[in-house]
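Lettered A, B, C and D in written order, each chain numbered from 1.
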């Protein structure tokens, strides 16, 4: 068991190369925010852009742009545009605020069919439930990240919450492509990949607000294309650490911590960690 | 007569249990914000989420999400969705920015018919007028909270404003289910339940802005599902106290205090009060 | 010539009566923001609410509520609602961001025909041009406030800009109902009523941004129903003073001062002035 | 080679003339933000208004006004209004978030045909690609500003990125009207006009976020009509300097710098530079 902590975070976060441009940190496609869950994908996009993603595309337009004109947005039902965006994206995140209906299922299958090797697929929220209902999937990528909370992991793995021990979870994870990363969200969130297990020690009850998961998913997406000299597992662990460390920091002065507060703090904490990173 | 003050607030506010998740503090359904009063429910939702509500659903979508992507939003006229949301909600608040028309009356009746024991119903704003116009209601819950200002209480109780003495108000309250809580808003707001009466000593003219009532209603909703080890009356009193204490604090530097300013301060005051709460 | 300065402002601004409620400071109706000028009325509403108006109604809904859920908003073409709102309003402001077309002309005539004695009418922006094009108006109120800049005053008075001397302006003002207040906007803005003339000494080029006039109009509306123990001329002068004093204050740190920055500062400056007001 | 630095910036930025009004700094027309790129023009408008533009018009209404009610907005497909706005504008910027489709091409041709001598035309983003695809253009103005990044300059000049030396770029620039200014964006952005070349020394990888170019274009537009006693080249260089200097400043505390953060800081840096400008 690895501890996911500040020491690890400082090792991962490095100053950006001087010749970075907006394409350096990849294209990230966020899919979700369908009626009546339009706010979720806004939180995801805020987290993703503040985590340093170069380009972000997603659905749900007006209110998103009032928060974040930095994100490009389009109508998910614009299928030709969706297919072209899937093709040019390095990371695809599906799930935050995605209604569990037939159209969502269709979009999810379209993505599974369109993926190519090396594209990263993050499956979050209701997309995990869509996945649980699918027959055997022929995975086109082995860079798969799953981010279930305990109930979603129950549906996906068949393990009831009390059965979700470390060993049982690792066994269940073998049904997914080798290299799949599992972010098992709980009061003591763990990150699994094969036999590796990491765990955060920070975090707490001040996160009991809807939208925290959407924010974490956006951070994982945003960090998935940075610090590429480190394994993907490290970058996912970094997202998990930053999310909890910021929440804990804000909870020193706020009884309730809202997800949008977390996104706002990401650039500052990453800067602070990057400054001591050269020693790491 | 109890004084609703900082001492009481500190006794009620406790650190959150370490294993809290977004479902711990209940599901809260806010109904209102119909044309042309769309802003009201935004203020209510801001207050509710900042008060620590786990999940919030409501009507009036675009502008809400530009303030608060944390809230789920849907069209009130989507009746199937409304019924399913009523069923899974722990607290239902109806009234802020609800037009007093036939559709509103229909929705209100739908809620009264769908409620089950233990669900909390908060009736605010124009929903109090809808209630005043109804024949005898067969209440499905005894966890009813009414939040009238003096004119609304006149319509509901039949007592003209000069007649609204403590004794007359207590007598009128007996026409509602036993245990009903009345937040009688006035420059000296009182909270009634049966023979119990609490009164705040803070508050003042800096609250003379439209939207203050919408904000208070949202805070009552948000706090209704927290601190459940304390009686519901205490939690309602806490909302009344926090609302006035924050307004008074802001008035030290602002001639006019806007409702949205109050919501923004809730997490900070609750944190400050929770830190000394262990002594309480 | 009176100097409109801090001394005057302190005399006018008084602590609010302890029993103020949202109706105390009147109902204010703002009319404008029609396509393609939708932003103007948002600035007006921000200024009006931050100046302490109790209730505000206006057109142009979504984007307004993303700034200011405190304001009620409706569609101007909803004529029945418009007429009912005119009736219950104490102050009506027409003009900011109002397109100069037939519909605007029709609405303006509707207002002129509906006004009753004691209602305050503020004519700003393009409504001044609509007024310039009208034949003789039969005024239903003598509480008229005109807020032209130099070019608009030229159209309204027939005086070319070089001809707009104090004497000529006073003479032209006699064509309006007795008691009409003229806010003659220029780098040295003056306020006229009959033989009285006030002038501000603060203000400067940092105000050269579209929207400053919309903001001033909103402040005049917001203050028109406060400090009613003072003549209306004083309250208008106060708005002119606060607008310029805040802009000057912000210009100490900002090369460009945006109108929305001014509105945000109103509650703080009014508070500061009210604290020394008892000596005034 | 000139260094574009603080010394130059201080020479250019002067206190505003005391009799400035909103028309003093010109009318600026921003064209872009068509589906699915609506956010881009919001960032451009934020930069433009914060840089001190007097009046700004553009497309994409709701979300824009939630950021910036100061901007007037209209539907680009409203051709009569577009033509009338082109006529009264001093500077026209086309490109940020403009889809590269037939309608965009048509609008671009309309602008090229409508321009008159002395109007400034800034061609940015996808409008540079539209330009690259056009046959010989008969330019109606010699006040042309091009703002390509390296890939866009490749399409426009025919020079591959490695071929984009200073000499080759100067030669390619001769195909445009004499006096054309080229802002060649790269990690070491250079500004060309005829034989003159300026280069910034500040700037870095913290700018690797979508929207930085939209923001720079807005700043160039906003500054194009100020400091008219200095050559246009100086004003463009000032925009380039301010953009990078602010990004560098923010990067001291933020790992990621978002474009909207830059716009917010413009008034403050301009003020600071203007205060020492009298010594310049």
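Here is the rule we go by: contacts are C-beta pairs under 8 Å (C-beta built on N, C-alpha and C of every residue); 3 or more make two chains touch, one makes a residue touch a chain.
Every value quoted in this text rests on a predicted model; they were computed, and no experiment measured them.
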item: Given chain B and chain D, the chains that contact each of them; value: A, C
item: Maximum centroid distance from chain D, chain identifier (CA atoms); value: B
item: Geometric centre distance via CA averages, chain B-chain A, whole Å; value: 35
item: Multi-chain contact residues (two or more partners), chain B; value: 62-63, 66
item: Contact footprint of chain B on chain A as seen in their complex; value: 35-40, 42-43, 46, 62-63, 66-67, 149, 187, 204-212, 251-260
item: Parts of chain C lying in touch with chain B, wherever the complex brings them together; value: 13, 15-22, 24-25, 49-52, 54-57, 61-66, 68-75, 78, 81, 266-268, 270-271, 274
